[in-house]
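Look at the two complexes coming up: chain A is in both, with chain B in one and chain C in the other.
Then we have the complex of A and B:
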């Protein structure tokens, strides 16, 4: 079994997509990595929602964010990462990475989200999130959706499974 | 078959509390190392500090760091120099809700080189709204020896269920 294995890649076609969904996620890995390149057709927000197992509850995050002028920190009750809205530089897509350790385990799911909107102007945003899904269920599906509107054509998301080794560490 | 670029080297899940976790005799066959730590501490706190050393070195003031973070106190950045370990990571403490762990990713660049100081990029996350933070840091170890050992240390002791996984990257 490869340590880092591509499970699936989704590319949005013509007409856009309301969400990108990964379902039936194999349960024999250790961590999940999702890498996203996305743009959406809403000109107002760059927020992108992340949910697990079609559950809309139990999410929270502490984030550090910045644009070209200001920086700050806040806590949220949902996961709102950034992708590029439609009024940003044409043909430009935001980047997003989600890392979920021990996704198939029985602990609450702490995970990291790092994202940027890309824009050749002062309106670009970046953020890092310390995120939590207060749910002990194994993650079997993952959905990424724009706050409103649709993901634009050519947006992509790739899901990787990372599998740990065994032994090789000592404890005291 | 293409050559694997990301290789699992070692892993441990604690069945009981531990005062440290050590990866030793690390293979020198890779370019970088990635250490993923998912940890809870027995310390009487909601979120506490996790420490890191290399090659069992705990003297000589060889560790420095610069970080940016978002916490309940707002956004800030700090730096630290001439330390005897890195105190950058987070662990959930004993007073955190049950089943909550903090997560940390440490990326050791050119760890096997013998002609440079060692640099590490870390992401450290504790999602507690009041006591947690989202942190990104750059770390430096002022030694040219190849890294053959990594020591991960708690504030008090690592709790059962904490996991530590080491990967080699080519």
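Then we have the complex of A and C:
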């Protein structure tokens, strides 16, 4: 039976944090899931960067995005995950999910990112990505950081390891 | 006075250096089913009550068939129908175009039904995540992925916020038009964190 196990949860304390980091990720799982509830102290940008193994290169994505007023689709060399910026409704945090299949394998890493912010107003950003990290290394660390500023207190991220079940047959 | 003694029938003995005694280590999963409702009667509203407060996140998984055209899906934490309790936004597509919209200060949290809504007799599915549902330092934010294979299909990434300092102890899932049909399934999961 497949299992989903919590590896670690990081909660940002008073004073904020420049990033949320998961290191020494166990290599005995099949997929990774990161669930993020975060807000940052920058009012201009909602963008949040996601990097693997502290590598800043090799990322690409196709995404649909919108702020409930304007929207669109694009291809990009970065990841435009969103966490809630400081000019949105107070005490309101984003809701973001990152899913990485086969994270410990030796192929390039495709992954999905879907995230929403919320705001007690007409506009709030959301985006869904089909993303790729063109690197065959196993993922041993993962960092989430706002494009500018710090994550606010009470921001939290949880890393889960999903392990495939032992049943079923292999199909040629 | 002991007159006779029978020897033990234990023929083999294995010594272990671990309390596991040769068994595999057990890692408790982080994803637990709290409750499932499968409708035996068509209804517009499904409720999850007495939600345990010791999980970090909640997830609702829905697959069901609406009885009427055009309905959407709304979520009401604590069955709260107060004015200005919610905002919601969406990024959605109907097979021909992408659109977005949203609003604040409303009495309902709509997660689906932005274009043509669900179609009578056609299955729809949704995964709805509520993070930090018991954290009173945060307004609760919901993210949902929903789709329907209707003749005018709809796919949506939707969000909503519940502006309340109360923990979520119950959830109501409601279609705005008609009913969910017999056999529709609603499952609530708790996620540890």
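In this section, the second predicted complex is superposed on the first by the 165 of 172 C-alpha atoms of A that agree within 3 Å, B and C clash if a C-alpha of one lies under 4 Å from a C-alpha of the other, contacts with A are read in each partner's own complex, and residues count from 1 in each chain.
Heads up, the rule we're going with is that contacts are C-beta pairs under 8 Å (C-beta built on N, C-alpha and C of every residue); 3 or more make two chains touch, one makes a residue touch a chain.
Computed from a prediction, not measured in an experiment: that's the story for all the values here.
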| item | value |
| --- | --- |
| Partner chain in contact with A:99 - chain B first, chain C second, else both or neither | first |
| A:51 touches, of chain B and chain C: first, second, both or neither? | neither |
| Partner chain(s) touched by A:30 [first = chain B, second = chain C, both, neither] | first |
| First (chain B), second (chain C), both or neither touched by A:114 | both |
| Partner chain(s) touched by A:73 [first = chain B, second = chain C, both, neither] | both |
| Partner chain(s) touched by A:83 [first = chain B, second = chain C, both, neither] | neither |
| First (chain B), second (chain C), both or neither touched by A:166 | first |
| Partner chain(s) touched by A:122 [first = chain B, second = chain C, both, neither] | second |
| Touching partner for A:158 - first (chain B), second (chain C), both, neither | second |
| Where chain A meets both chain C and chain B, residue numbers | 3-4, 64-66, 71-73, 114, 128 |
| Interfacial residue positions of chain A with respect to chain B in the complex | 2-4, 30-31, 60-66, 71-75, 99, 101-102, 106-108, 110-112, 114, 128-132, 134, 136, 162-172 |
| Residue numbers on chain B that touch chain A, as the complex places them | 4-12, 14, 18-24, 36, 38, 68-75, 90, 97, 99-103, 105, 123, 125-129, 132-136, 161, 163-167 |
| Residues of chain A defined as touching chain C within the complex | 3-6, 9, 35, 37, 64-73, 89, 91-97, 114-124, 126-128, 154, 156, 158, 160 |
| Chain C residues within the chain A interface of the complex | 27-31, 56-57, 87, 89-91, 93, 98-105, 129, 131-132, 135, 137-139, 141-143, 145, 157-161, 163, 191-193 |
